[in-house]
Structures are given as structure tokens and as C-alpha cells.
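Shared between the two complexes below is chain A, which pairs with chain B and chain C, respectively.
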Partner chain A sequence: MHHRVTALIRLIAVSGVATVAAMAPAGAALAQQMGGELIVVQGSNPPSLDAMNTSSGASRNINMNVYETLYGFNENVEPIPILAEGVDISEDGLTYVFTLRQGVKFHNGDEMMASDVKASMERYRKVGATGTLLEPVANIEVTGDYEVTFTMKAPTPTFLEAFSSPRAPAVIIPEEDGAAEPGKTSLVGTGPYKITEYVPDSHVTIEKFADYSQDMDHEGMDGFGGKKTAYLDTVTFRIIPEPGAQVAALEAGEVHILEAIPAPAARRLEGNADIEIQENLQWAFGTLILNVNEAPTDNVKFREAVQVALNMEEIVGIAAEGVFELNHGWTYPNSIYNVGDIGANYYNQGDVERAKALLAEAGYNGEEFSILTDNSIPFHGRSAVVIAEQLKAAGINAVINQVDWPTALNLRMQDTGWNGWTLTMGIEPYLGPAAIVSTLTGARPHFVKNDPVLDGLYQELIAGATPEARKETFAKIQEQLYTYFGIIKLGDTGQLQATRSNVKGFKTFRFPRVYDVWLEN
Partner chain B sequence: MTAEIETLPEDGGSLRRQMRKARWRAFGVFLKRLVAHRSFLIGAIILVLFSAVALFADLLAPYAPNRNNYRFILMPPSAEFWFGTDGYGRDILSRVIYGTRVSLFIGVTVVLFTGILGTLLGTLASYVSWLDALIMRGLDGLMAFPGVLLAIALASALGPSEITVIIALTVTFTPRTARVVRAGVLVVKGMQYVEAAQAVGAGHARIIFRYILANALSPLIVQLTFVFAVSIIAEAILSFLGVGPPPPAPSLGNIIADGRTYIQEAWWIAVFPGLAIAFAVLGLNLMGDGLRDIIDPRQRNHR
Partner chain C sequence: MALFLVRRLLSAIPVLLVVSLMTFLIMWLVPGDVSAEIGGTDATAEQIAQIRAQLGIDRPILERALSWYGNLFQGDLGYSYLLGRSVVDAVLERLPVTLSLTALALVFATIIGTLLGILAAVRHNSWLDQTAMVAALVGLSIPDFWFGIVLIILFGVSLGWLPTGGFVPITEDVWGWARTMALPAFTLAITQMGVIARMTRSSMLDVLNQDYIRTARAKGMRGPTVIFKHALRNAMVPIITVVGVTTGVLLSGAVVIEQVFSLPGVGRLIIGSIQRRDFPVIQGGLLVTACVFVFVNIVVDMLYGVFDPRVRDDR
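After this line comes the complex of A and B, so read on.
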């Protein structure tokens, strides 16, 4: 395995430690302050504020401050109860009895009851963006005012983990919204902030929910749950697509938090006392997905040629602006599912001769290799440019089709018309192996046509009773991914975030948490 | 042609020779005036330089325009990279040199197509009176949209490519060109020598090409220098907005778009292609001004 921490990461890590050390004594003396208006900047519009039916990060950024789930992940990605008190799982693994916290208020003033939970789950089955996570559940019943019972079709050891996923969260909404069409709910949740305004291409405003019911079983916030406190009066998520304009707004003090800041700008602002840079390493996997349904990428020898032709250090180094680690694996190196060197001999080769030999074997005759990419997510477009140049050097007729992000999502759903697609996977590696593999199997795998071997291994993975069993299966999966070459791992990328120095309590996470954040005068 | 020769007097050969000589002399005077006109001369020199850079890009560029180099990302201008490098480690000087080629190609093609289409439509509208309303109202409809906006809409609909930009700009600039031609033709159409040509039974084609267009086209030439300049700017705008030639094509607009993220950290990425555009457009405008002064003495600026 190749690792490479860039000087930039080291520098930021060191300065981060220094900052924390310097802040520690002062932190104790600092009192949280109520009130104020916080402005958070993100690059794209939330496609929906109906949390259930979107897995978009732009939506999650806002929704996770507004809605809550029965179970969710804590800081260490372990499921903890949030709106539930807890769950009783029967010995045979077939019954889950969720007890609800009492006195939890919705933004409309009503109390959350078991009937709301049932209605929310039934709706999630129908319109949830990852509705299949309720597939193992046969029946959902109200068994008390504050008790809901799930009956399973078969024991599913990974159910609670999948159910806690924030990808397209199974949030609890009022019973009245249970039959609402996707995107047509009243946008009412139970979270510390409530939605007050959405002007597309401009902003979303959320406001402190005065009757928010804190979870007093915790000392403070913990991941998506814990004891959350809304200190701010309002939070505005402003949509500014242009990174340069985002940085300028931060420097001018017009906004407080940038969800992502380009690394060169972060480097420049390192000495600026008004601005703090935070690193969110292990942010995403950079990938190149190949369409196995379209020539020439329908030929496995051709796909192997693409894999060995690529120099990942150059691709990810340029695309992630230096904030990256080389990693051939389909888990992060510190994951318990890390299966070691499998596939490493195919990774970061940049071997033009080997690629040319494979192309000859594949009978490649100069057919167009069309790379679908977008300019909305900088990593996507930049990695496509470098990949295309490297493939041209190996004799592949690579062309780039750069569109905007929604169009790219649309085009990649078509079975033909593209060969490669650059995609960063952020939430999937965070959730673990099953989440990654689920995107490559099922009704519509990313690489278009199903690989029966991988489909079988996925079923084996989610049925694995213990982490050890699942790891054994995952080793076979990584082996298969480096045999099938339907998706190519480019590397691990980090994300840099920036805040004004008067923003206190902000900790980088899978989404910008604005609870437990306050503004210092 | 033959009819004219037959009706000429016996010493017709020498008369034709004299006419040709007179025409050459007039052209010589015209050239002299052009060279004497300072702004035209400066503009022409700039345009020649710009064209030379575009034509000899392969010889002039120190590096391949699309070669990435991870070790040389965002390098400031230096002896090795005169204009610095971009976020991919590509040499900006080489990209700007090749970018002038894209700009020039698009500019020349648009001028050519706009000139041909504009002349055709403008002449038809003014010469064939029943077509006038039809053609001109259609063109007015197109002109109702702000120029660059129409180009953006067309380019978005057709998908990003060089051809798209050419089509979009041709459609956008043709109506204005056709108007200029139509106005010129309307004036000339009423001239006595046109009536005389009609009286001696000259055909439509002969009247249009020999008598009308030859005398009505000078405003068109001035107009086309401006179309050229605006095309270069519009190409940069469309590329900047992502509807021009797709990356990694080194079009000047693409280079500026690449640089906007780094405008504070690496100003050189956006500034040098910006200067190239300004330089080319300045040259074309100076030339256009000069041409207008010389061709249309009534508007001549004395300097």
C-alpha cells in the first residue's frame, strides 16, 4: 500500500494541534453566547428539503440540522438512539421494539407519537431515496403511544447500522405528511432548527426552534445525536457556486463558514487571524466508473488497460489540490474492514507499455472513450482532464464531456452514450463497505450492468453475522473489484473548511452542524 | 461579358487596359491612405502579430498546451514558465499561444459565415421587395434578444464545442450584418448607373454583383472588423461559461475560467489570456476605425 501525506496536510495538522492547545485554557473561560445570525456557504442548491427522498449532500447539510431520526451515528459512526430511548432486539433477531422519547415536539407544536413514526416509516418505504433499507422489515406496528415494533423477514445483523444512515435519512415527520408526494411535505421536523425560507439559487434560512426537546441522556452533542443546543437565532445557508467568490465573501466577513475552501486559498489564509482553517481528512473516495454496457469499456481487457495506464498520484494530486492520500483499498486504511494489499499491484501504475499490450489483446481500434464529468464539483472535472491526458498517452482516444452536475447525474443513468464517469463518493466510505458495494449492485449498479459475482458477494456481506465474517467477504469483494474493473479507485481526498474566528464550537463533520455553534461578539 | 466586348470601339483593348490601370491607381491611393492612417496601421500590425502567433503556435509554444505536471502546480511567472503555470501544472504561455489559434479560427469563421449570410439576406431583402418584410421581421425577431444572451442560449442548447460557438455567434451577428448590407443596397439601387444597367438589359446577377454590391459593400467591411472583435470576446465569454470548446482545449475563455478560482493566489492564470484578448480586440477596433475613416470620408476623423 502506498501512503502519502502531503506537506500541506502535515502543516495544517501541526497548526491544528497548536490551535487546540492554545485554545484549551481559554476555552474553559469562554461562555457560550445566545443569539446572532450565522451564514454558512455551500456551492449548490439543495435538490429537496424533504429529507427522506434525497441523498444529496447539499440537502443533507441543511436537513440534518432540521430533522432527526430514531437512530443515528455518533461521532465514531456507531448507531445511538436519537428520537428513540432505545431498542429491544429479540434473541432470534426478528423483532425490534423501539421505545420513543416522550415530550418531543414537532416544529408545528404537536408531540411526536408512535403513529407519527409509523407514518414516517411507511412513507420512507415509498419515497425514501434509499427505501430499500426497510426491505428486511416485514411489518411496522404501533404497540403503544410511545412504542413501535418492527417485525423482520429474516435476521439482519446489519439492519440497525443501515437504518441509522444519514445518506437519505429515515427522518420522523408528522403523521399528516405521511401521504405527501416527494418534496410536498410541510417541512416540519423535530430538530433544533426549523426551516423558514427557501429561495432557490439564493439561500435557505432556518430559525431556532424554541420548544426543541433536548436529549438529556448525553452531556453534549455526539455525531448526529446527543444533547444538541441551538444558540443562534437564525442560520442562513447561502448558495454561492463560485469558489473564488466564496473565499472573497469570507475574507470580507460577509459570511461565517465555508463548507469547502480551495487548498491554495487555505494556504494563503493560514496566517490570517480572522479566519480558521479546519481539515476534514478522509472526506471522500475519488473514483472513475466505467460503463460495462458500452464499447469499448464492455471489454474487461480494455478496462484493465485503463486501470494500469493511470498514474493516481498525478490525478488525485492535481484534482484534490494536494490534499489527498494514495490508497488502492475500498476502505480507509484505519477501518476494521481494511483488507490490505489486495489489488495494490494494479494501482498507481502509470504503465503505458502494459496498457498498450492489454489494448492490443482487447482488439482496441481507436474507438472513442467518452468521459462524463461536471464542472460543479471541482474534483470531478479536474480528475477527468488529467485522466484523459494519461489515457491519450497510452493510445486511447479519450474525450471529455463536461456538463453541469444535474445533467451528469441524468446522463449517467442512461445505459449508453458514456464510457467513464468521475465521481467522488463521500458518504458511502463513511458508512462502510456495504454502502459502497450497494452502489455497485442491485437494480442499477453505477457501472450499468450487474456483475453476478459481486451481487452474490454483496448478499453474503450484509448477511455476515460478525465483523470478522464480513471482513472475510469484503476481501473477496476487493479481489473481485480488481478483476472486473468496473470502477477504478483513484485515491482518498480530504476537504478543507474555513470559518471566521468568531465562530465557536464548530467541529468538522459529514455536514456543517450549526447546533452547539455560537458567535462571539 | 461578351456582349460588352463586341460593342466596344476598335481601340477597345487599350481602353480596357487604361481602365484597369486607373483601378490599380485608385487601389494604390487607397493603400497609401490606409498606411498613412495611424490607428489603422497600429491595428493592422497588432492583428498581423496575433495571426502570426496563432499560425506558428507549434513553433512558438515552449511546451505542449495540455501537458499536466503535478510537480509544477500554480508556479508564478519565471524564466522557465514566462506566464506561470495553472492548477494542472500546465504552461500558461503555451496555452495562451494555442488559445489565440482557437480565437482566430472562430473569429475568421464567424466573419466568413456572417459576411456571406448577411450579404445574401440583406441583398435579397432590399432587391426583391416582396421578401423585404419577411426577412427583416425575422431578423428583427432575432435582434430582440441581447446578442450574447442569444449566443449563450443557442450554445447551451447545442452542447459545448467549437462548432457550437461558431453557429451561435453566426446566428447572433448575421441580423446586424444583413441590416448594414440592406441599407447600403437600398441607397445604391436608386443610383442612375443601376438604372442605366437595367436599361441596357443587364441580368439581375450582373446588376447585383457588378453594380450594386461592388458599391455597397464598404460599410460591410467595417462592420465585419467589429464582428471579428466581438466574436473573440463572445468566444471567451461562452468558453468561460462552459459552453465553448470542452476542456482541456486551451481556448482563452477556458484558461480564464480555470484561473478564476485562484484569482487571488495565482493572478497570472487569468491575467495573461485576458491581456491577449484585450490586445486582439484593440487591434481589430483600431483597424475598423481606420477603415471607416478611409472608406467613408464624411465621418473622417482628422488626426
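After this line comes the complex of A and C, so read on.
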């Protein structure tokens, strides 16, 4: 009975949706306008427009409007086919047969065939910035004009998730570019826009690709995939490094979208009818990494003292200029891997007395606690200042070593000489538990010395056959992170974006999607 | 004159050698390299080592220096680690922006500064003199990045007369170029206007008190002729010296202005390359900038001769 009622409700709901959908196109067509030139601003120059060769966010912002992958994430961070029709995975998990969508055109007019996919994957293996994600693949074969077969070395249940990663995406490019050196391809992709001009440190212009073949299996865009529509004639990504100049350009109406706007400027513009502010609270995790190889952070009781001494609300509130959420978990709250309250009793304590007791237990004698931070990412420097003050209040001799970003990355690779390192993780939490934990395990984890328990749990996580099994393992991982204290979660930091109010259809995401966006009037 | 030119060009070689050597040493001392930018935060020690080996930055400093100088003598400044192009191409495509910005700022600073200085000298100790000198002092003291933002808000946002930033090549659209360059060039010029105005004033005051000026006036010559033909010409040598130094200051000031007004010039290229540790671009960019600086100084030395025949004869 219950099933029948549910089926009935579903039928009514589906027919309702169908009616609305049947009525919608006329209205939607009226609202959405073709043509126009959109200008998007970002602060950094894209180091490369060869998408597979870079994991830079500045490049991804542009590239993901130009190139496409076989598989990518939907809005709920689940792998969906984009250039593929689908994939058949053999029961033993050793064969992946990808069927390609037919009639997909490259920007050079050629049709995408299986040989292009094979050439792209072979190139990705060699020059891909995250080429290691193809490590589980033993062999890639063309098994039909529109079919490619991957043979795996061993069953890898998380392969499709890893393969869908947008960090340095495994994009499909023409076979002719298969042997091109990094950064020397013809910049041809299959996306709704094609690259027409690149003036380094100035701008990148992309133009609507008239022969773009939409994925008609979807109603509209969905994460990195779905049915994408290019409404605009051209889109220019302008590089403006100075935040004040970015905001001025937006206020003057010279540009339409700011990829990121500082919180104080966003608050000032709140009452401005010409500008809309968009908030993405799930942008990055703020963290403090502790060096477990160097005294005094080599002592787990000392690390626990640091954890309980910190008041995260103050740290993240100040460092993220108010755009933040408190979250003790190592996933976002809406993730299917959210394991609830594990570790919450250690988070945002600001408990000086408990910290002092733990320091006494650790036998702490006032040794220096050196926090490595940088001035390139404002969150890092600001959070280090608040952390240092809070630790001093608990009796820890905290000092700050602020350098520039390349120097910080160089120093943290040294096994000694630092105790804490402030780091925001942007793409890892988006990609899910495995991406975060992989940075804390392996040959050289972020906290320098391996934790064998965590290493074992990571292997269990990536071998987990189902999401449920992986979640069960992840609960143990979160427990272990709050036992080992090699990394301290500060909180979730957000990103603010701004658009002129005549920009329609823009939805904040991991990169500025300029398809399904149009200009009013 | 030709001998003088050859002598000056030859003396530039050790200058450029020292500049490039200093750059090499400083970049060697600075921690961090481009492998961090390429590898990202999640790179393992092995990956970093692999990137360093691929790019050859794990080689000893002496070996890298010798190979760089070896290539330099063949006109090759190397290949950028990150830009996907040769250093020569990267610098040459940005040089017109920096040079046109510096040149326009120099024109602004020289014309306005000289006129202000002349006005102050001619109306010595009057309210005009005081106002001109206060204006010069204010211009001299204003931080240019702040003044740039103020001009953007005033002329770009509030009045909407000029664009807030960006660059239009002069070859594409002269009017567009002038509009995009007006604010940055004026911002860059403002501090040097003050220097030139003060130097012109003092130099002109010295000359205006000379006997031959009194004689010219006694002969009944018109005021402007006395000032521009007799006085200014003789006051020019110290002014040219300042203008020569100013050009160097403007070239280095362009770095900040290019950042504020989002101009794709050499300054921004070098700053970006320092932040990313793209060594070949830093070295090549600085060497080219040093060449421009040396060239400007040679031109200034030659101009002395144009205005002062005694210097010309000494050569």
C-alpha cells in the first residue's frame, strides 16, 4: 500500500513537473537574451590555458568554459557523464568501457572520436598536473569509433570519482595535440566557448562556439556538466590584480562579474541596486598543520593543548572577515560523508585552563612554537596572528614567521624549523574525504611524519566498495584526526562574488560558469 | 660624437654585467623556487625534486650562471618556466606598455613641472610662487598607489570620464590608448613634477639674476623671449640632469602603477615572476630594464651637448 501511494504521489509530481516544463520554454526563451559581451574579473593571470597541465584556479576559471571531460561532477559532487554517454564497469572492476557521445565537435570543426580520447589520456598521463590519477589504469584501448576501454591494474572503486576531478581536469583535446609539450597545444576543446585571444597579464577572450553540441540528457547545467547554453557572443576574463581597482571597475559598470570581492567592499555595496553579491560559504577549509617531527609539536599532549586552547570563532571570524561557518568536521555538513559529532568536543574550546593542564602533562618548558605563514593569501597571515595571541594566553611561546607563498611552500617541505603552518584547502574538501586524507598520508604527509593508523585507514577508505562502506571508514578517520592532532580544523571559509544586476543566470560555483548566463538589455 | 657614443656604450657593458650578476645572486639567496608554483601544496618531495630536475634548477649556481651567460651572448634570454614562451617574447610584448607609460608620464612631469618652476621663479616670493611650491611639495609627498586609487574613484567611478584600468594598444585605437593611459601617466608623473618644478625654479632664479638677462630686458626685449630663449636655455643643464634621473624613477615607479591600473607591462611581469620565482623572466626582464635605463642616460648625456656647447667641445 505504502509503495502504491508513493508511486501515485510520484506520478502526480512528475506530471506536474512535465506540465510546468512544457509551459516553461516559451517564458524562458523570452527571459533569456542572446548576444552581448560579458566581462569577468579575476586577480591572477592564468599560468596556462593548457587545461590538463595546470591545477591553478585562475586557469580553471577560464578553461572549464572551454574544455570538457569524459566524466565530471554534478551539483552534488557525484560523477556524471559529460563527453561520454556512460560507462560499463565489469563485475570484477577491471574493465571500464566508455561510450562517447556522437556528433561532438571540436572548436577546429573535427568530430571527437575515440582516437582523440586515447591520445588525450596518453598525454594526460605524461603531462597532466594530476596525471597520477591514471595510475590505476594499465591500458587504454580504442575499441570502436565511439568507444574507449580502460583496463585497470586492480579494482579501484573510487576511480570514477578521482577521474572526474576538476583540479587539473583530464580534458579531451584533438589527437593532433596529443604529443604537444606542456602549454603548447592549439587550445582547442569541445566546450560552449572557444579561446580567441590571450594577452598575458591583461585578458583572455573566449567566443561562443556555434557548433557546440549540447548534452540533451539534461534540462540545464549541472555542476561541471549538463546541458550548457552559450548565450553570450564573447566573454572576456580581465586580469586586475588590485582589489580596489576591481571594485571600482564594477561600480563604474565597466565589468560585469568579480570572481572574488573583499568582504568590506561587499558590505559597502549591499545597498547598491546595480550590484548583487553572491555568497559561497563552502569555499575552503581553514587549517593549522602541526609538524609532528619537531619539538614541542612532536608531543601529542602538546598538540592536544594547542587544539583545546584555540577559539575558532575568533580566528576564522577575523581571518575570513566574517564570511565563515564553524564546522569541526572534515567534510561539509551537507556531504554524504558527514560523520556528525565526532571530534566536536575538541573544537572551538578556547579553554585556557584545560590547555595549561595538558601543557603541564606534556612537560612543556616554554620552547618556541613557530607558526609559518604567508602574506600572499590574506586568510593565512590573519589567522596566524589570532592563533599566536590565543596560544600566548595559554602560556605557549608562539612566534610568527611570515614569508611569501613560494618561501612558505619551500620551508614547509623542510622536516624541521617550523611547528605550525596555516593553510586553506580549497579544492580538496570539495573533492571529498579521499582528497583531504591523501594529503595527510603517503611518503610525506602535510604534518611531516606518518601516522601508521591514518595510513591504514586511508587504504581502507579508497578500497571501500560502496559510499556507505567509505563513510564508515571516514568516521574512524575523523576520530583518528582528533586523536593524533596533526592537523587542526579552524573552520569553513566562504567566498563572495559580485555581479552587475543585469547579469542573469549566474550561480556561484567552483569556477565562474559563463554558459547559461545572459545579459539583460 | 661617434667616439663619445662608442665610449659610453662600452662603459655600459660592465654596468649590465653587474646588474645581471646581482640579480643572479639575489635570486639564488631567496628561498623557494618555481617548483612550488607548479607542484602546488599537495606535491610530494619526490614530485618537487622531479620538477626541479626537469627545469634544471637543481644544478649548482655556477653551472646555471655559466649556461645563462653562454646563451645570453647568443641573444637568448631563456624560456619562461610558466608563461609558455621565450623570455624575449614575454618582455618584448610588454615593453611598449611600460615605455609608453613612462614616456607619457615624462612628458606630463616635464611640461607641467617646468612651467610651474618658471612661474614660481618669475613671480618670485609672490603668492603664485608659494602656491606652486606647495603644490610641488604635495605632489612629491603623495604615495602614488593611493593617489592612483583616488583618481580611479574620482574620474572612473564618480565622474565616469575615464576607464578605471586596462590597456588599449596605440596601434589599435589612439583615442582608446590616450583614455587608458591618462590616469596612470598622470599618477606616475605627479611626484616627479614636484622634483622638476623645484629644480627649474632654483635653476631659473640663478639665471634670472645674471647680468645678461638684465641687459636683455634693458634692450627692451619682450618678457617671454627673455624667459624662454635666454633664461630657460641656460637653466636647462641642471633640469636635464633631473629629467634623466626622473626617467629612471618613472621606470621603477611604473611597477606600482601597472599593478594599480591593471596595465600588462614589464613591471607587472617582473613582480608576477618574482612571486612565482620564474627565474629566467626575472633575469631577462631586469636586464632589459637596465638596458633601457642605460640608454636613457646616454641620451641625457648627449642632450647636455645640445644645450651647452662647452660640454660638446670638451668631448
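Methods note: the second predicted complex is superposed on the first by the 416 of 521 C-alpha atoms of A that agree within 3 Å, B and C clash if a C-alpha of one lies under 4 Å from a C-alpha of the other, contacts with A are read in each partner's own complex, and residues count from 1 in each chain.
In the analysis below, a residue touches a chain if its C-beta (ideal position, glycine included) is under 8 Å from a C-beta of that chain, and two chains touch if they have at least 3 such contacts.
For clarity, every value in this text was computed on a predicted model and none was experimentally measured.
In the superposition on chain A, no contact is made by A:G456 with either chain B or chain C. In the overlay built on the shared chain, the residue A:P200 is in contact with chain C alone; chain B does not reach it. After overlaying the two complexes on the shared chain, residue contacts for A:G244 are found with chain B and with chain C alike.
With both structures placed on the common chain, the touch criterion links A:A388 to chain B but leaves chain C unconnected.
When the two structures are aligned on the shared chain, A:G131 is found in touch with neither chain B nor chain C. Taking chain B and chain C in turn and counting the residues of chain A each one touches, the greater count comes from C.
On chain A, the surface patch touched by chain B in one complex and by chain C in the other comprises residues 242, 244, 248, 403-404. Touching chain C in their complex are the following residues of chain A: 45, 47-48, 50, 55, 129, 182-184, 199-203, 238-242, 244-245, 248-249, 251-252, 254, 376, 403-411, 413, 423, 425, 428, 438-439, 442-444. Contacts from chain A toward chain B in the complex involve residues 242-244, 247-248, 262, 264-265, 267-268, 313-314, 317-318, 321-322, 375, 378, 381-382, 384-386, 388-389, 399-404. Chain C contributes residues 30-34, 36-38, 40-42, 44-46, 48, 82-84, 90, 93-94, 149, 152-153, 156-157, 160, 163-167, 259-262, 264-265, 268-269, 272, 275-277 to its touches with chain A in the complex.
Interface residues of chain B facing chain A in the complex, by the touch rule stated above, are 66-68, 70, 73-74, 87-89, 160, 242, 246-248, 260-266.
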